Amino acid sequence: MLKAAVLGATGNVGQIFVQLLDGHPWFEVSVVAASERSKGRTYGEASRWRQSTPIPEAVAQMEVVDVTPNAIKDVDVVFSALPSAVAGKTEEDFALAGYVVVSNASAHRMDPDVPMLNPEINCSHVSLIEEQRRKRKWDGAIVTNPNCTTTVLTLPLKPIYDEFGIKSVIVSTMQAISGAGYPGVASLDIVDNVIPYIGGEDEKMETETQKILGSPSEPADLKVSASCNRVPTIDGHMMSVFVEMKKQAESKAVAVAMENFVGEPQKLNLPSAPEKPVVVTQEKDRPQTRLDRMEGKGMSVVVGRIRKDPVLNGIKFVALGHNTIRGAAGCGVLNAEYLKVKKFI
Amino acid sequence: MLKAAVLGATGNVGQIFVQLLDGHPWFEVSVVAASERSKGRTYGEASRWRQSTPIPEAVAQMEVVDVTPNAIKDVDVVFSALPSAVAGKTEEDFALAGYVVVSNASAHRMDPDVPMLNPEINCSHVSLIEEQRRKRKWDGAIVTNPNCTTTVLTLPLKPIYDEFGIKSVIVSTMQAISGAGYPGVASLDIVDNVIPYIGGEDEKMETETQKILGSPSEPADLKVSASCNRVPTIDGHMMSVFVEMKKQAESKAVAVAMENFVGEPQKLNLPSAPEKPVVVTQEKDRPQTRLDRMEGKGMSVVVGRIRKDPVLNGIKFVALGHNTIRGAAGCGVLNAEYLKVKKFI
Amino acid sequence: MLKAAVLGATGNVGQIFVQLLDGHPWFEVSVVAASERSKGRTYGEASRWRQSTPIPEAVAQMEVVDVTPNAIKDVDVVFSALPSAVAGKTEEDFALAGYVVVSNASAHRMDPDVPMLNPEINCSHVSLIEEQRRKRKWDGAIVTNPNCTTTVLTLPLKPIYDEFGIKSVIVSTMQAISGAGYPGVASLDIVDNVIPYIGGEDEKMETETQKILGSPSEPADLKVSASCNRVPTIDGHMMSVFVEMKKQAESKAVAVAMENFVGEPQKLNLPSAPEKPVVVTQEKDRPQTRLDRMEGKGMSVVVGRIRKDPVLNGIKFVALGHNTIRGAAGCGVLNAEYLKVKKFI
Amino acid sequence: MLKAAVLGATGNVGQIFVQLLDGHPWFEVSVVAASERSKGRTYGEASRWRQSTPIPEAVAQMEVVDVTPNAIKDVDVVFSALPSAVAGKTEEDFALAGYVVVSNASAHRMDPDVPMLNPEINCSHVSLIEEQRRKRKWDGAIVTNPNCTTTVLTLPLKPIYDEFGIKSVIVSTMQAISGAGYPGVASLDIVDNVIPYIGGEDEKMETETQKILGSPSEPADLKVSASCNRVPTIDGHMMSVFVEMKKQAESKAVAVAMENFVGEPQKLNLPSAPEKPVVVTQEKDRPQTRLDRMEGKGMSVVVGRIRKDPVLNGIKFVALGHNTIRGAAGCGVLNAEYLKVKKFI
């Protein structure tokens, strides 16, 4: 078993990391690190565990340590669920100390020498690690997953991009409250309400999508316009997507392309890889957030209502993915699995 | 005072008609009609009033009558909140009996000789009444308001259409549960959930928008693509809107056009006309459904986040309107006010 | 494997029966029966499956049959999730045809010769089957589980009843929407709302509790006063409970009694029996509906905040149980397991 | 017009004070004070107004000042919506500086020389001001309103107490999220959830009820047991109440006593006094939180389901009141109106 540290382990995404690594065939949590406040308490006390599965007993007993390389030893991989404000510098410290950091934070995502992996799509970007090590003069590495909404969006886009080409994408999201962490969104702000604004989210979707669909050295040449909204759901980001393609295609052909899509994680049979990264539903009123977010143990994106779009002369559809699993910790774990197979861990 | 009948008075939109006409300076409810089930009971008993303002005492005492012209007399205007399935034939019966029917039902909206009025935008369409009377050989008339989402969408589109021209519109909605009437959406279907499908709604938005922005005889030459979603809010339809314009314009210019926009209802000082049909907010996270849906007593649409759209090379924004007031009964009452001033009632 | 029929299989509790029996070591669903409307369609089509786990493939393919003994053969046990209005007569028909009917319906619960089992508490009531068969002249049997709220309430009451005696109980519930079935509660009736009334529920809790805690022939001599409320949660019935005991006891002693409590299902190691029927939490703000309802796979009741009650001179606490699992289908399956071990099936 | 300062004006209850005083016939807001963070900004900027009515224009322009007597002059009455932690000392400073402080904070509620007024019930407690001034050697005064739940509970209890006597009360609440202020309850903690714990709330209900129903010098001799729960509603505290009376009474007699109940505010015709402090509904499924919380402009408590209680040999009923109006700012304003009429202001 490889030993894993989780940074920012008491927050919401940190807890999902701990949850997903419980019983994992390759990794086991051996260190939990969090901010000053939690230091010295057991993880059970400090985390105020808020998941609906029980807290893993062994981790509950661990003492929470500082978020610094000095506090850690005998660890094979570091998962970071740090808030972006601290992630930038801290993750560099860990890479400099020789650790491979698999991060959910946005701090380094758009760095040209940092792979931002949605592994079914752009595993090849791990080649950036070499450049990163050379330029930054460290033995470790930083590898990130995209923003939760980008992760969900890019999975169904990838087969379209490969088979028909994409000129542009318009997307309007309906995002769950867990996307803002804990305590995150105040209940007075979201019960019986929609907030049509999430700070920085439109821009993240627009730029990250280009990077993921591009080559390691160059973003994809497509335009993305996003409008992000918070709605009163707990988990699961739903989105309406409108796509202008280079090559015309019927809805059916698009559905087939999505259904047939697999990536490296499926071919390598990675433990967290869903059988199908994209599941296409035929029912007219699906996917639905609460009913479909756990498809593929939360690692699949469910697509429905694929139909002609009269404006972009392309297609439109709805897509749903689990924001804290596929869109955060689950994608991170899948990334680590890929890195292990490729001997980076 | 003019006397008004409300058809389908016990349903949700019917109740809003009764609520809005309570204390109205020109109209008073003198007849409430509903389906067989309610017949012979008082409106107080039959309606199971579910609004948060008290039921108007005088209406509560009225006996509910059949939805047929024979059951009604001494009435100057008929408001219809009938379900579409029965509205088609029934509204024709009333028009044939000489009544002016102001309808919220979709049955006749797209008939070429029926005005579908969002009165700040297309009051001139009342000219269709003459043609309608000639062709249908009746003395009454049917006038409708648009679908709730179309009503909200077209108000901010109108000033853009007039000043800059519109080639195409993409819109994704987040619609409240009251839009489906009562009992409507099952709670098990919407708590912690988004349903990305509302039967017929995409198509209604796409065609009704063209009719409203067009001339009485010809729909506007613009393309609309809609994707409609139900979210767990009570009242208020929020939407992300992306607009391709004929003439480029800065966000600021668009905001000014919206802010300055007034229509006939404002010029005629109609009792239900909001001071501003479109209110532009500068706050980055507004409008919000619960906080802003009652703007202008529920008759204004609130627009926010006007910004460049990189895909359509135009602008994008969010818009919010109250679906059962501006999008249904309130629009109907405003239509009736206009018809009275124009001597149709 | 024993073959099971599910009556009322397309409704919400019917679906939970199908879900819980999927992969069950002793029973497999071989017949799904539902009302006229569903007849002749496959279960997959007719059920509009609304659970967040996938529909069991084999059952999805089955044709739905009529709810009558004639439509069924080669079945070892019949699970009934019928609405009460039809359950009364129909379940009798099945018993007369020789079937053992394990029912969630309220129709026969209070019949003196019908066991209403919450199996950790009153397994001994199966002795009523003999009397039932003699009096009703049938070879089958009807065995019911209690109302969902009663099931949850009586589990923590039982150890108190046994160790300290109970004179009276006051209980106020906060019940989830799934308790009303599907479509059940209208969303307009429950979003941002509490409905302090559930038809017949107060009375069910008051009388069923006495029957369950009593002997087969005589209800327990304790008074119960209930006030039942519907709140906007999906699954899980929470309740505030105030208990007057015959013998005074400290909160701690009550907690210990609850923690140590096991019943026949635990001793017999029945497949659906939770390790602990009652789990006592020490955290001051637990149980919480969303976080704790799946304790023991939804079969445990979680109790918290056990403390002195100054009015009844006893104790008060909060209790939470999953209404469609422990409070309905799960209790039914556990009952069937007990009946099998006891050779009734 | 008398001039009013609002302390803690930017918080949720502070905003309700500003909202209720807008257009008040006797008082006008002339000073808004809040914590360091807001100082020097206009109220419009600092408050991030979150009410569904527009921010009063004149107040929006005011500069927010420090919460200290020195920052204030020419003020006739001080309303305090301060958090309890700072209220204790700060309110004393204002009283010492000669101001009459009408407070919603809990800090001084249980001080024996501080009137805690629910003015329909215990106006006579203002006599404590004299003692307070003598003992504390100040010219100002501190007058509080009770906790939001106590306010709602005690209104229907008062007529029972007067006519039939009360031995004990058991109450289980279902409280809205606005009761915890802003940001208050995290959305992840309350969507699809019930939290059966509110810090200190059980105790407040138990002791404050005794003080309010008692004489100025002595708490009432009755026992109260409370169990407080947070549910996902925005405004409005619902509660199940079980009452043991000294003198037996039919439900009808209790209803009549409640319906006939009026207090000093009604007799004095105070501007914020509702016509009826307690409204009894006959409909079996009312009151409901969303539909009935604004009864009497949010100043009435609505009671329903009055029926026999088999345990306490008394009656049980449900009660609903608006927690931030009747239970907080509205009660404060009504208190100030009474103090003015009695020449304390």
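Chains: A, B, C and D, in written order; residue numbering restarts at 1 for each.
Quick note on the criterion: a contact is a pair of C-beta atoms (placed from the backbone, for glycine too) under 8 Å apart; a residue touches a chain by one contact, two chains touch by 3 or more.
Source: prediction; values computed, not measured.
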When B-C is set beside A-C, which has more C-beta pairs in contact? B-C
Based on CA centres, what chain would you say lies at the far end from chain C? B
Chain centre separation (chain A, chain C; CA means) in Å: 40
Chain B to chain C, mean C-alpha position gap in Å, rounds to 46
Two or more other chains in contact with one residue: find those residues in chain A. 50, 189, 191-192, 232-234, 290-291
Of all residues in chain C, those that touch chain B in their complex: 12, 50, 177-178, 182-192, 232-234
Once bound in the complex, which stretches of chain A touch chain B? 168-170, 172, 174, 189, 191-197, 206, 223-225, 227, 229, 231-234, 236, 238, 240, 242, 244, 284-291, 304-305, 309-312, 316, 318, 320
In their shared complex, at which residues does chain A touch chain C? 50-53, 191-192, 234, 290-294
